[in-house]
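Letters A, B, C and D mark the chains in the order given here, with residues in each chain numbered from 1 onward.
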Amino acid sequence: GTGAASNQSTTTGSNGTNGTTTSNSSGTTTAGKTIKIGLVTDTGGLNDNGFNHLAYVGMTNAQHQLNGVSTSVVQSQSESDYVPNLSHFAQNGYNLVIAVGYLMEDAVKQVAKEYPKTDFLIIDDNITGIPNVASAIFQSEQAGYLAGVVAGLVQKNHELKGLNTKNVVGVIGGQDIPPVDTYIAGFQQGFKKEDPNGKVLLQYTNSFSDEALGSQYAQNEISQGADIIFPVAGGCGIGAINAANSAKVYAIGVDTNQAYLAPKSVITSATKGVDTAVFDTIKAVQSGTFKGGVSTFNLANNGVGIAPLMKGLPQSVQTTVNQVKQQIISGQIKVSTTVQK
Amino acid sequence: MEIVDLKKWFPGVKANDGVNLTLRGGEVHAILGENGAGKSTLMKMIYGLLEPTSGEIRFMGKAVHFRSPREAIHAGIGMVHQHFMLIPALTVAENVVLGDEPGRIKFDRKEAQKRVRELSEKYRLAIDPSAKVADLSVGLQQRVEILKAFYRKAKLIILDEPTALLTPQETRELFSIIRGLKAEGVPVLFISHKLDEVLEISDRVTVMRAGKTVETVETKGATPQTLANLMVGREVVLRVEKSDAHPGEPILQVHDLHVRDFGRMERVKGVNLELRRGEILGLAGIDGNGQFELADAIAGLLKPEQGQIIFDGDDITRWSPAERTERGIAYVPQDRQLDGLVLSFNLVENTILRDFRKRPFAKNGVIDRTAATNYTERLIREFDVRPPDASRKASELSGGNQQKVILAREVSRDPLMLIAAQPTRGLDVGAIEGIHRQLVRLRDEGKGVLLVSLELEEILSLSDRIAVIHDGRIVDIVPGAQATREQIGLLMTGSRGHSEVSMS
Amino acid sequence: MIFSDPEIWAATLSMAVPLALPAIGGTFSERTGVVNIAMEGIMLIGAFFAVAFSYWTGSAWLGLLAALICGGLTAAALAWGAIRVSADQTVLGMGINIFAAGLTTFLLNTLFGFNGTPISTPKLPNISIPGLDNIPYIGVIFQNQSILVYIMIVLVIVSHWFLFHTRLGLRMRSVGEHPLAADTLGINVWRIRYFGVILSGLFSALGGAYLSIGVLNGFTANMTNGRGYIALAAMIFGKWTPLGSFGAALIFGFSTALGIVLQGQGISSNLLQMIPYALTILALAGLVGRAVAPAADGIPYDPRRS
Amino acid sequence: MKSLRSILLPMGASVLAIIIGGILVAALGYNPVTVYGSLISGAFGSGINIGNTITASLPLIIVGLGIAISFQSGLFNIGADGQYWIGATAAVWFGYHFNSLPGWLHMILCIVAGMIAGALWAGIIPGLTKAYVGSHEVITTMMMSYIGILLARYLIEGGPMQQKGFNPQSPEIAQNTQFPYFTQGLMQSQLSLVAVAIAIIAVIVVWFLLYKTTLGYQLRTVGLNQRAARYAGINVKLFTVVALCLSGMFAGLAGAVQMLGVDHRLLDGFSSNYGYTAIVVSLLARNNPIGVIIAGLFFGALTTGGQNMQMVSNVPAALTDVLTGLIIFFVACERIIPQVIGWYRRRRTLKSTSAA
């Protein structure tokens, strides 16, 4: 489907390759010049249920919606593949090379200097001072904050049936790294704001792929009383949502609207517009307006956000969320990126 | 059974190259031949373990092509293998009944043990069916191997060196079994290097040389000498010729030695022994009485619990095997494939197994391959190892030739003392002759030789003194010249007295 | 104490299943003399096809059947290479692991897209056994476990009985110890080896299916996450016996569960996750000691073909 | 003749695998010619691609050497991955400390540190427990590998090696410890002459060690027959430890070389799997050091070619794995070729004899 995007608070690159992302109005296709886009994933690959996949979704959307965009993608097998893979695209006349993840910082710096005519976009990093490199950083702590607010409200006011009285929510991180921790930090603060007496459990799985392990972590947190699970752990997190669904408790998705995973469990999702960033950058390259430097994506520019709330939640929750969102945008609420352990 | 122009070629070796043989019903047919003549290869083809390169085997009037032992067994052939086909991790009963086990789905362990007990009583090969094969001495393992062949009633039985590890009494028992089979009309193919056994039990003898059958003769009328000459193709000296010994200083003194084997069983229980330069001391005993553990302990492969070993004035009780080797102890271990050789090494690598650290084979930790190869080729010539190819793997040699390699290596190290455990096991008469000559030569050069053997004949013909071991203790030591078969045989059973003790 | 919490034992049991099943499978294969390092790959195959067929047919049991068939076929390929061709068994296993990882990911992405299999995929039921459920402490452990947990427990016992108390079991062990000796007694070494390897494929596939339609109802790329290799370790730890493999799998399951439970006290999760591995080494060095593989494990048998 | 066979057979098997893979690829809707074309051109199509292939093969070759040592000593070191990462970690730590040292000395220090760290990781716990308690090395090396990787991760995720104020990664190693690139033109391939030289020296050293020295002789004897080794006066326990140490030492060396030559810092990726691939490399080379070069280059080519395949013909990465798995399987089955030929011949002679 298309069209509804403007009503949403953020974009949702949903299931598979046929999801749509829009920041331009629907239906119109820009007849731009022909450009080639190359995407280099990090070692997580396209099945990471995370930013690699989202970047791919953004690129595919561009290919479908913008005329004259041809794309190619390579999944790196090891850290040592980054330089060769980035170089390959640059060398073969690709106009824009997208590097997914801060792990590629060194590689992008090196290759970008060698190929000044090629434009580069790196996700989750802030490279400055190289004119042909754009960096996209996401203030996902803001999205996490909103998700935390939802969790806090639901928990405090027993807004959903089946909640226990223990007032506990569980967070599951894939790894103790910034792209994960920003979400978690925001979530903790948002939750505490609405539900100061509530408790946030926090565990790291050290895996982004082991679904069964994610499920086991979730079960553990559920056994400790958690009835809302917020996994930030890629495929591992999907196992956690699965477990929450089986145990008939609730979950909050991450990165993209994950309601499709368990419509009865997923209250909302904290989203990160990697697809938007990619799409917009491709558009800029095509129209010749590409600029190097760091772009920050946040609530204010809809670069991060929160997916539509589950049906059945009272309007008051949505209202509070909207208020808090405005307060963050206006700077009234400052969200820290440090996790409380 | 009839075998017509059978051939088996391995890469580079014509193991069988034109074998012709007729086996009549109810006859015991012996096959004689030097080590590597191709006897075992022939038997393996009959048993379906090897596929012939060409030629034909006819059994009960029909040409047969066994593609596996399974088919040979179905046709009614049983075989005792030269190298044991036993599974150490399983029990005696399991080994014997395997392939034809009692029970439907469940394995009926009790019934298996019962059947094996009956079998062992019937053939008078006493054995505990519930014992694990790994815990048995090689002599007992030989019994299991024989029992296996008799468990399935066969129409033809192949015995590839079944007596190599049996005591004289056991051999006699086996022969009475063979006579029983003969009476039932079951033909037996019998391989042995012991000519007197062949003469005693067989009806006809076929001699093989270099993969070919040379001649088949009636046993009646043959003598050891004629058979030996036919086999080797020249005159052989059967009796060891040796001058009197001139014993010198003691080279080895063993005081109150106690040794446990790997299974933590005490096997040597307080042995005192002295070996002098220039003598051959024979250690006689029935298998399993601690003689091989004693040899291992002197060589340093087993750590003694208690006691002392003095070698050439040094207390070597706590020395490592390498230090002992260095000091001048040579050792031919009992189990050539397990201890004496690295089967997938070639002959060069096997020849330097004991001296690889030393010049000329190594300088500063670097191996000198040329020197090692030259040395190996020399030994191959001197000891007549066949095939004479230093680059061949030890596993590709026949059993007898493997033994020659070990002996060549140990004897040529110029040691002060040689411990030889079963040095001629499985060797043909020509080879035995050569090895016995080497032992005597060592003695005459003033070295000490400790000969550990289960062959009474060998002990009697070579030893200057004979020590008899029973149950981990030395029963008696007698001068070799006056010792008789009966006297030593009696001592081996543990009785110290003389004729008044009856043998049971 | 955390040990008195039945939850940790429930978690232990459920984490042990996908290790114990392939480990027992590996035991069957290696007892007949074929090194099976392909458990990881066969588990992935089992996991994927279990989900795919559950989704297509709408029945998790048919999915399970499909997993067994596909796992058995993959194992048959290993058996063919190891037995008919006498190829290096470790290399074959590694090849199968890489192949399986690639194939399942490829099929996942082409058939279902990058987001994984649909949520509507049916899974195998969780059950509680009425009587068992009422026992105070034990009841909690067995409460609501996947049906495969119970199946596994039955399989552990049956496997041990089968290997050590049946005629076929005796033949399997003899073939793994000394194939030549077994051959000279008329046992068809190759057929027994095929049987052992394919059996191991069935067990591994069952372990994979436990992950995808037992615990979860979906497949993600590489979802076995090295469990096939840990199962290999469990098999050795258990000294190549079904009961031992199960015990070792329980130890792994327990220490993983322990790593989960201990979290949240400010210790680095990286350090906590070392617990299962460190415990294993300690247990191995301290309690178990020497483990001797079947004597002919990994050695191709072809006396009549040189 | 023998050596010709040993080259022709794997090649024949690869061709077989490639044909089967081609059929599979075509069935899945890709053009096999394009797929293989991009695979080959990606591996060897240009100077840079060849450089990439060599660079990708170096860690496989060096780790493979270590695996070969363990196999020849009768041990299965399945945990080379962890030894590799521990070696890398040690090299990196030394690489950003001691910056006052002269460049070459600093470089050597890093390499030696990596080697020692790898050696200890394999030698201490797996080696000693194997020698004295009999713990099976497959388990202990595997467990130590997981521990090693978790340890390295801990060090850069909030641990003492994390670069202050950055994402989880270690600081970059000093400029003068980084291997110079082969030529500036091949810079993207990250091919460095020093790394190549180290790999070649390592191959020669291992070959010499295994086949020319008493040390290697003792290792191989222990590997083939422990009882004969005892009889030969070899200290079996000692050489078990030595074998695992040496095996880990080369894995550690590979880690150091990779850090100094390519990565320059510890990054939080940990997904190389060199330890596992190197097992295949070593076994396909029959644990022969010279063969390890060929097998290593083969897998290096598959890696780089596979990456190129994705970029040029849009083949999903997973399909590369499918092809790689098939090739490994069939190369392992190379013996099927003479068997099939022999069977065919026999059938023909059978036919002709029955016709006659």
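The definition used in the following text is that contacts are C-beta pairs under 8 Å (C-beta built on N, C-alpha and C of every residue); 3 or more make two chains touch, one makes a residue touch a chain.
Chain labels with UniProt names: B = Nucleoside ABC transporter ATP-binding protein; C, D = Nucleoside ABC transporter membrane protein.
Because the structure is a prediction, the values reported are computed rather than measured.
Here the chain pair with the top count of touching C-beta pairs is C-D. With centres set at the average Cα position, the gap from chain C to chain D is 27 Å. The distance from the centre of chain A to the centre of chain D, each centre being the mean of the chain's C-alpha atoms, comes to 36 Å. In this assembly, the C-alpha centroid of chain A lies 76 Å from the C-alpha centroid of chain B. Our note on geometry: chain B versus chain C, Cα centroid distance of 45 Å, whole angstroms. Residues of chain B in contact with two or more other chains: none. Along chain C, residues 105, 109, 221, 268, 270, 273 each make contact with two or more other chains. Residue positions 150, 153, 157-158, 317 of chain D each touch two or more of the other chains.
Which chains touch which is summed up as A-C, A-D, B-C, B-D, C-D. Here chain B touches chain D in the complex through residues 299-301, 320-326, 331, 333, 338-345, 349, 352-354, 356-357, 362, 365-367, 369, going by the rule given at the top. Chain contact summary for the complex, chain D toward chain C: residues 28, 76, 78, 125, 129, 133-136, 138-140, 142-144, 146-147, 150-151, 153-154, 157-159, 276, 279-280, 283-284, 316-329, 331-336, 339. If you check the complex, the residues on chain C that touch chain B are 165-171, 173-174, 177-178, 180-188, 294-295, 303-304, 306.
Looking at the complex, you find that chain D touches chain B at residues 212-215, 217-218, 220-221, 224-225, 227-228, 230-235. Listed in rising order, the residues of chain B touching chain C in the complex are 10, 47, 49-51, 67-70, 73-74, 79, 81, 84-90, 94-95, 98-101, 103-107, 109, 148.
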